[in-house]
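Two complexes are shown next, each including subunit A; its partner changes from subunit B in the first to subunit C in the second.
Right after this comes the complex of A and B.
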């Protein structure tokens, strides 16, 4: 009798959620409900408010207004345990597993008092095995988590949530670290979960995945819920428009005037370190007047390549050549003095010193030059003048050069870093995820500056996980997969699907398997 | 309960919490002196009087502040680069030993040069004592908190050996102390007849020099960059190990100057009780000054005043002079908390 009622029941309902941080409205007046046996996608650019919303749901933040209801019960705000106890499980983008414990121990950790962990294992193990069969999550229970691949770790995280009787699974950017095959396997698991009556919130900014797995899509922009559509009634184009607020125009780009190779990697190998993938026998030429795009799923060696070109690591094998001469010594300073400009992936951790002023940050790579210091004494006036020049030229919105950079928005911080990198007139520009997390205005600005630098004769290497960005900007595209580099494909010669096959690791010469 | 950063702290916030910290410290001290059976107002009055109430008291405070300025600067310089030098005590004694070696007749030089050579030798010794731990840190990743802390015991025991053996004063009636410095090796008094020596002047100059280095030179810029964000500094081409080594040399040298100044300016010889923990108290001095080199002078005077004042109060009022330690400890903890509260706001839930 009650079956119909149960079926229509909302397992999760968020009502009028608002949250501000200072002047920033991270979430304003968000309402949505999740039904039993449904996958909804939460779509939005970085900074759109997805993470804040999930933190409110999990009680890490107290909302300014609004309520969270799970299975008909109101969740007390600001109580981190409540959502878990109500059967909501979250798989974070950055896993929360103990590397030195086994899979089984990781799953059990926190479910039993520590002194009982050793007891009653057989029953617990049987349940884990049952769950892994039901949901298609193959893992080796006795393996140490530290030795597992990223995909396997994610399966452990999901099992962990399921073992805690999660009825709602929230996955935060789950595919960012997965290969396409692992992504497919994850989708199989999610479909099984839904068939078994679970509900899933899938957070992503990858449109094709959202289209593939979700039944409904919620689009967040600048903290507001700007759209709620059934996947059947929409397409990628419309979603993209909703996400960024306007038709995404590919940047204007003229035909490339390709010149001589400036920087070459010859048979370069880098041993992988920890979770950072290495490089296997890579040959790459960066040519003057050309944007070289590096496509690939993150964690396939992009970090090693970026570190190498930044001067942070030296190749274990092979050579780096600049203007045809092999480099004998290699460090960030030497890279800089050879005209390599770097825009690092993480502007907060690597690109800037948060508590330094704009002036101090803008001279970070050049403070020892004759322009900014003499015999060890800083020339503050000249540094300030340079900072003002960069602020004006690169449209950095800020109160002034004496402002600590941490007070700037991501886009303005990135513009300052861009100015710092481009002002010396570099020969090579390494742009690692240069527009990640920026609003659309800053994205266009940064991209047009990179194009201008390329037109002025710089060799640009663009590393991005966003295939659309790569395809829009690059004159030649290489795909990186498990540390191997594909041949260069000229602009327009390969479709996204064809590049995707390379990204999945197929097509490489030494691919025997 | 959680902390949320305050983006633009008001003046009331910046000054209110530290003032509250001082008030709480005073209330705590009053409570303790009540427990000891004395009138709290009288106790506080006696502490202040003992610290600054007379010419003699004031000079005593300045004298006591001198080594604290040096060790405070040493700690402030190192902590600014997030180099946790807990071994200022060891560096101080190393400086003292070299001062004695040079000042008791190993070299003989006309006066201004004599002091320069002794001070330079002392700084070198202190720098070398810290060089080992910092190389272990930059090369092998060994935690410098442990190594610098343990160096304190190693150096102190080594000094003990020296004072019982090779450096023992043959005329010392069997006491473990070194021979006295030559007359021309002693630092003169600033005002003849008063017990304040030029070590204090050197301390003030050092604070000014450290301030110049930190704010006006590329090295200071690098030190701050490394301390605030090692990864970004490395990415920008700063050699983090080089900066840490230079910081260590500067820090160790400054701490050693405390030993030089105490031996050449005040004591005239070396004994095992040369420092009643100046190296450790330097940490409090530096923290209270928020690692600012000129602030170190102020906080060293404050800390010295409390010690000197409490000693004198203890004789007059019968409240144990340990109250000075409690006062300083609570002042430090409350001040650290107050500074946190000026930058962060506590949010419930």
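Right after this comes the complex of A and C.
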């Protein structure tokens, strides 16, 4: 790590920050400084340690080692109040606003001593109006927050920070929920803020936005700062490569015995809904005995594709085909009954019901089947037997099948979900980020199970933001970018750098021409 | 015709305001609790405690205002118990509230038997007397209704004004409301959600007890067991009717009380001789349900009502 030079202009300096959660090193030995009037981007995949680092900076977490300095003053670790007072304002990805209160009330909350008569609304209003003019943050002060669009709510969050005299703004994935127009407006605001002498830390994994707004980019990977470059000296390809890592360590994998296509998409388009991107004219074949890898920076249509294949959304145009026949009706139940198994992206939210037991969770998808129910009564003994079988076969470490699943570690929860998906012998396996957040042992285990399922003849779709994982496991690789799907590249036919070019959105243009 | 005659008598309007007074206190108390995010179903029992302790204090020689203070303190004590269980411990607000109601009601019976083992009928006290505001009380209809009441009724109206001002015009009120809407917004500003919610429940419970004390110290001048008689539950409905706003809830309390005063008078009309009196007893409740249905459609429930807040959780 390069030593950070002490400069009078530094508003924020992080020195030797390390933080572990159990065996996982979320941040190791991170150093950087933020100067007055600059925007730095913190770039990295999910799980790279960006949010942990910002939570340390803001005092939500106490670092294991290292110090945070703001305006030359050491910040006491683990005290959000001190960070607030020092002029650090954070705009969280999930807003902390009260919907039934007005914009003005949300901004004023906590800014005045509690035991005081009167809110001083007139003076406050004048100041908020001034701030919103200075920074180009148009909001309607008397409106209830619940009635505002997501973009407007974000403006309220930024105004909240500015009203508290923030000199450093930290924005955690601010564009994840915005439309392109709102993103442009946000960038105008940030440029005004910088012109007025504020400093900004912009957390993102969207390369073109980073290139558009930041002057300097810090790249985090696996908790380490792997690069620090000026935007002027780099381009999207180089950043993509730095972000996902170019080193490849392929696991043991035999040659594929590729069979017939089982689940196919023909010229499928899906209109974008809310924050979920759409899909444009996708052709995809998932073939028996083959792992199909889907590479791409997250938020480029992966979620829509996964929902489409599992029956949660229906195509606006094009056909879904199973065994070469177009499907007239498409729903999760039809997908399940056709042998399509799912490993959902978010195991806590969509993969399991936290307070249900392991037994109940393991039969969530099949509780109606003859195996587990008869004449409307559940066969508890059979369900328990099945749960024990999954626990033994997939090495789920737990006190027993009657344990609520929320008590399990992420890895063990994922193994149970894996068992639930694989045990019926599915024809298609949709694995969306199957190893996200798992430790190395669980990662290897889950991956080897997917390979075994492939060898047994299943068609596997592996969606991941980790290019190493994609390149190591996939027999054929598609890249998704802004809802468009690249042609399939056979194993070993493209380097990480070449895939990175596709991930950055190039290559598609040739097809269109 | 009879209905019109009743509506034109001053005594009818005076009765309506008198009947509304305990409801106003207790409803304001419940609004404070719910605005901070805590449903306080202890209200019924806390009103019993207020009625009993206030009356007992005056019977033992305390002054009338001293009795009100004792009732308020007793209510706050039960509010403290409620808030400890529901706020830092995050227990079910339904179960705790009903438990407080049972505990408070039976504590009052127990204390009554313990303190007055010999009596067959409860002793009477000299209650608050009506105070006629000079000039104003002579206005036809409105005068006797609003300006010839006991001091506790005036206090009830003042309470509405104070609660509304504090909730909407002070930083404290803003913080209380925010605690009931999105506690993490409060916590992210370095304020204590636990402190705000416990404080709101304690103060709100104090007001409920004062509402109960009105019954013994201003209305009936004695204490008997079934005297609160579901008024607490009516207040829970009035909070919804008033859309968690003090002013609207005041109107709701007056409306309910007017129906109650009306049904008593309807029973004494020729019609009352033909219709079973139970039908008249139902009137205020039936009309309240109708009004509730009509009024509360667009009400905005505090978003974090009944949602416990734990700092560590997301």
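In this section, the second predicted complex is superposed on the first by the 265 of 513 C-alpha atoms of A that agree within 3 Å, B and C clash if a C-alpha of one lies under 4 Å from a C-alpha of the other, contacts with A are read in each partner's own complex, and residues count from 1 in each chain.
As a convention for this text, a contact is a pair of C-beta atoms (placed from the backbone, for glycine too) under 8 Å apart; a residue touches a chain by one contact, two chains touch by 3 or more.
Bear in mind the structure is a predicted one, so any value in this text is a computation, not a measurement.
Asks: With the two structures laid over each other on chain A, which partner does A:407 touch: subunit B (first), subunit C (second), both, or neither?
Replies: Touch partner of A:407: subunit B, not subunit C.
Asks: With the two structures laid over each other on chain A, which partner does A:173 touch: subunit B (first), subunit C (second), both, or neither?
Replies: In the superposed model, A:173 contacts neither subunit B nor subunit C.
Asks: In the overlaid three-chain picture, which partner chain does A:373 touch, first (subunit B) or second (subunit C), both, or neither?
Replies: Touch partner of A:373: subunit B, not subunit C.
Asks: Just subunit B (first), just subunit C (second), both, or neither: which does A:355 touch?
Replies: A:355 contacts subunit B only, not subunit C.
Asks: Return first, second, both or neither, reflecting whether A:475 touches subunit B, subunit C, both chains, or no partner chain.
Replies: A:475: touches no partner chain.
Asks: A:81 in the overlay: touching subunit B, subunit C, both, or neither? Say first, second, both or neither.
Replies: So A:81 only meets subunit C here.
Asks: Return first, second, both or neither, reflecting whether A:465 touches subunit B, subunit C, both chains, or no partner chain.
Replies: A:465 sits against neither subunit B nor subunit C.
Asks: Output check: A:38 vs subunit B and subunit C. Expected answer is one of first, second, both, neither. What do you get?
Replies: neither
Asks: For subunit A, which side has the bigger count of touched residues, subunit B or subunit C?
Replies: Of the two chains, more subunit A residues are contacted by B.
Asks: Considering only the defined contacts, which subunit A positions touch subunit B in the complex?
Replies: It is residues 22, 62, 77-79, 310-312, 331-333, 335-336, 342, 344, 349-356, 360, 364-365, 367-368, 373, 376-378, 380, 407 of subunit A that touch subunit B.
Asks: Which residues of subunit B touch subunit A once you look at their complex with the stated criterion?
Replies: Those in contact with subunit A are residues 7, 216-219, 221, 224-225, 228-229, 231-237, 239, 347-349.
Asks: Can you check the complex and tell me which residues of subunit C touch subunit A?
Replies: Those residues of subunit C that touch subunit A are 169-172, 174-175, 177-178, 181-182, 184-186, 188-191, 300, 302-303, 314.
Asks: So in the complex, the part of subunit A that touches subunit C is made up of which residues?
Replies: Within the complex, subunit A touches subunit C at residues 80-81, 84, 94, 96-101, 105-106, 108-119.
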